[in-house]
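The next part holds the structures, each set out as structure tokens.
Look for subunit A in each of the two complexes below; its partner is subunit B in the first and subunit C in the second.
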Partner chain A sequence: MQPTSANTPAQSPPEKPGRWMLPGLGLFQGLAVTGRNMVQSFYNKERMTTVQYPEERAPISPNFRNFPFLVYDGNSIDNLRCVACSICEKECPPQCIYIVLERDENGKSLKRPKIFDIDVSVCMNCGICAEVCPFDAIYMDGEYELATDDRFEGLLFHRERLAKSADYHMKLRPEQASEVIARRKAEEEKKAAAAAAKAAKAKADAESKKAAADARPADEKGGDA
Partner chain B sequence: MSVEYTDSDRLLRVSLGPQHPSTHGVFRMNVELDGETVVKLKPVFGYLHRNHEKIAEGATYLSSMPYTDRLDYICPLTNNWAYALAVEKLAGIEVPERAEYMRVILAELTRLINHTAFMGFILGDMGAWGSALMYAFREREKILDLFEHLTGARMMANFMRFGGCRNDLPAGWREQVGTLVEGYGPFLDEMEKFLVGNEILLSRSQDVGQLPAETLVNGGITGPMLRAAGVSYDIRKVDRYGIYDRFEFRIPLGEKGDVYDRIMIRFLEMRESLKILRQAIDQLPEGDYVNPKARIRGFKPPVGEAYGRIEGPKGELGFHLISDGTPNPYRYRVRPPSFINLTLLEDMCLGLDLADAVIILGSIDIVLGEVDR
Partner chain C sequence: MSKDNIPLWSPEHLPLLPQRLVEMILANLGAPEWLVSISGFMVAASTVLAVFMTAFALLSLIERKTLARAQNRIGPNRAGWFGILQPVADGIKMLTKEDIVPARAVKLLHLLAPILIVLPAILALGVIPYGREWTPVPLELGLLFFFAVGSMTELSVFMAGWASGSKFPMLGAMRAISQMVSYELPLIITALGVVMVSGTLSLPEIVQQQGGGFWHWNVCTPWGIVAGLLFYVCTIAEANRCPFDLPEGESEIVAGHMTEYSGFKYALFFMGEYLGLFAIAGLFVTLFLGGWQAPLPGLGLVPTWLWFFGKLALVIFSYLWIRATFPRLRIDQLMRFAWLCMIPMALLTLPAAAIWHYMGRGPLSWMVVLPLVLVPWVLVAVIFNKRLAPATRTYRFADG
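For the complex of A and B:
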């Protein structure tokens, strides 16, 4: 059989123990490896891999992600950053997010979720919701001790359960949270500056209009004179 | 396992699986035995069918990315890469250099994971329960810790994006990979000493499950199974996708294509992977980890068709996508290496003992998540 591709350099076949060996020697070599592993597992940190879980915990990376949570600013969960735009609901691969927008009596959007449910028994921890959110409102949590004896209601997380403060986010992933807060602050300042500029412009417009209105009678008067 | 006598009263029909520790998941082999000898073998699969391809047709391109993790769950990052490569071909997205290097590092680490776990599993199939699997999984755990630190999950990474990767390397990650690579060579030496001279392994695996290279090529077999039979075919060298042309590495080839060669070829491949890793870590440039022009929301590739393939640890892993210009693919097809490698199982097993059939199945290195999709 010719090699199917000419540009792949061939190499010698894997070496086999061609030399004569005492029958059974290979077994003892393997057994020596096992013995060394066993003895070293008492003192060598590299070989001691078991963690006695409830008493002792393995360190968790700050990047570790589990289920999503919603971020709110300040102290009240009414200040959720989420505006119920439903982008995460649409992008969620297993479709485990359910959002209902809150509206006032006239049917006008209040830009916050009335219902925000995540079925964590369906969620596959992919983190796409956090990635696509343009409002920095949803992030992946690191909490992992979530066992419950109620597999329906206990695993359906409502808005109240999902909401966590911005401080929690800061504690969980300081780097990401501080970057987000700085960006939001800058955006807000920009918005405030834009609003102030707009207000100033409106004021200036109004004033110039008023001045013009004030000036016109004078002109007229002057014209009369 | 159910047993029944056939009409001829000579052959014994055994249904091995679907719940059987030697079948690597929910896989069933209907074997007909003449004494201990296999005279007929019918693989039955589909127990783990999850409708992956049809789900992907109803989902956006990005939403399929986490599902690809679950194809071959031993090595999610190569699956991510193959899919990202297909979509990048489809939409014509450029990948920044740093992202290419990150992908190579992750893919080679994945290859290490896969082959290391394979060593444990094949020894388990031969009856060496415990030691080999534990040593293999101890080393695998170190790589999985690195993955968790980088991607946020040990196995379901969901890390590659169209035009790069999801996030940049955390501080100190590169150095950790360097330490791991330095420590991996001694582990491979130890594992080789543990296995290679072992008379039981030699007598169980040598001259078992050979097929002529022509049959393997005609059967579409790829990956270490094909190379163990002496056919030099590695997509890293053939396609030179990504930046594989920048690294110096060789393709190990076997001679006979028996189970022993398949084990040894994986040892050699791991050593070549370590070579690639050392070079990639040294050369890793600064820059963007994702193409800044690539979009996450509202991604719509132009109308067209693309096939992206990579050399996965198990063989050629390809994704064939057809786009009709909407956010969902019109057709999404996976070419899974372990499924196609499994098709020649009967030819390899005929005339051998039932115990050999078990290790031949082990040497194909299948993951049922990928076979059944």
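For the complex of A and C:
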């Protein structure tokens, strides 16, 4: 095909006056690059682009995300942040989450999940569950060695396997976890402050009421408020 | 050859030891003359085969290690000490794999092709002089024999491509034919220069004439450096190695003519390829790098076959280095390079070699012959350095 530069004269860029180079020199420059690699890779460990996998692992990025996990505070799995509200269950696009709320014998909600299952053979790692959770209870994990020889039970993760401590979350994604903890702390303080204020207000109300009740009989006895 | 007056255990004759032992034992047992010589020949052939099969196994590992180092990796290091058992593991894998023959294949040719690709490589290895005393088959027309059996490789590659009854093998085979035929021309023409100067087709004789230090090697003559370089490039193309590995072209046509092969037949293709590589690199060493001759006089204590294998190892390593560095050519670049650059340059080395032959070695002949090859060389380089592709890429249909 003939070059049709005559049709599009405006588009063709002007020829750059390139530096003259000995013809064929580029070949030897290329050989020098690989030759340097061959020699220096024997003593310069920083050049190595691979790690010897089962013995050592490449550090995973904080943005790496795999299947979800549940966060619990403190040391006990009973302190799951999850309140079994089922928002993630409803939002999950491939519907791989199954939650059953725990209730006491009177049928009253205990605000924690009795069953929390994720079928990781179905999960597509989208992270929507972590995004929609209003209780900071579910986050994406960094674990990737999940191979199993049982493709049904082995890939169905139960509550015990999913639950991981807040410390683990902190280790995995320090930025996100510290932000979450700070926010939760602030919320708790706010709640505590609100509770305190409410208590103070209630106390003040009671006191003022009492004061009023005390004061009223003084001027007009027998009259009810 | 008078074998009786040389010591049995001398390092120079070490590769001949099995052959001589068998001949001695058979002669002492009173076996007839023909049986002794046939058995001796078979043992000699087995020696060569054993050496190069070991080298093939080692090279398949060393190649991967070298490529890995060139890319700042470590390479195979799990099987055995530094991955030394990797070839064994590969062999076991290849042997235990299922042998698949496509339904539309031509069964007989499909079976014959991998066998016929190993055969010429082994035959070609037979005529190369590995040491002063070690030429398995000292043929008078060794060079002719080498090229005659070497051209069988094209046939078997095309046989594989045709008999597979599939598209990619056919494409690969067509590429292989066009490439190998194109590069065989300059290969043979440059080898002719050596024949003109040496005045013989016998490979041991050609090596014999290059004795007395590296400045007597053919590559250290004005025509020889050009011819040697051309020959070297042609050997890469003949061996189907990167950057001329279009017939395989794994990123374009799966595996070329080997696409429909699996298991041991696939391994045979690899074996043929590597043995052919050894053969053609050995020919390069023989014709231009002085064969088994020592680089400096006065190194007579070192067995000569060690020099040959040292040079061979260097040439093979240069192949690996080139493979680690250069990308594959396009088919039109490949063809243009062969027909517009290699063949004219190769033809020019012929008169240069003739003049060199008649003027003899000396400063005057250097002054005459060097311009004869250097001027066209520079001209070709300048012409090829020009931009041959259009400056701007234009799209006929996709523009808009």
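Basically, the second predicted complex is superposed on the first by the 165 of 225 C-alpha atoms of A that agree within 3 Å, B and C clash if a C-alpha of one lies under 4 Å from a C-alpha of the other, contacts with A are read in each partner's own complex, and residues count from 1 in each chain.
Going forward, a contact is a pair of C-beta atoms (placed from the backbone, for glycine too) under 8 Å apart; a residue touches a chain by one contact, two chains touch by 3 or more.
Quantities reported herein were computed from a predicted structural model and do not represent experimental measurements.
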Subunit B versus subunit C as contact partner of A:Asn125, first or second or both or neither: first
If touched residues of subunit A are counted for subunit B and for subunit C, the larger one: B
Touching partner for A:Gly35 - first (subunit B), second (subunit C), both, neither: second
First (subunit B), second (subunit C), both or neither touched by A:Gly24: both
Touched partner set for A:Gln52, first subunit B, second subunit C, both or neither: second
Subunit B versus subunit C as contact partner of A:Asn75, first or second or both or neither: neither
Subunit B versus subunit C as contact partner of A:Asn106, first or second or both or neither: neither
Subunit B and subunit C contact sites that coincide on subunit A, given as residue numbers: 1, 3-5, 7-8, 11-13, 15, 23-24, 27, 30, 33-34, 37, 47, 49
Touch list for subunit C against partner subunit A, complex: 66, 69-74, 77, 321-322, 324-326, 381-382, 384-385, 390-392, 394, 396, 399
Subunit A residues touching subunit C - in the complex, by the definition given at the top: 1, 3-5, 7-8, 11-13, 15, 23-24, 27, 30-31, 33-35, 37-38, 41-42, 47-50, 52
Subunit B-touching residues of subunit A, taken from the complex the two chains share: 1, 3-5, 7-17, 21, 23-27, 29-30, 33-34, 37, 46-47, 49, 61, 63-65, 87, 90-93, 124-128, 131-132, 134, 140
Complex interface listing, subunit B residues touching subunit A: 59-60, 62-67, 131, 135, 138, 141, 145, 148-153, 156, 158, 166-167, 170, 183, 190, 193-200, 202, 212-214, 217, 229-234, 237-238, 250-255, 260-261, 264-265, 267-268, 296-297
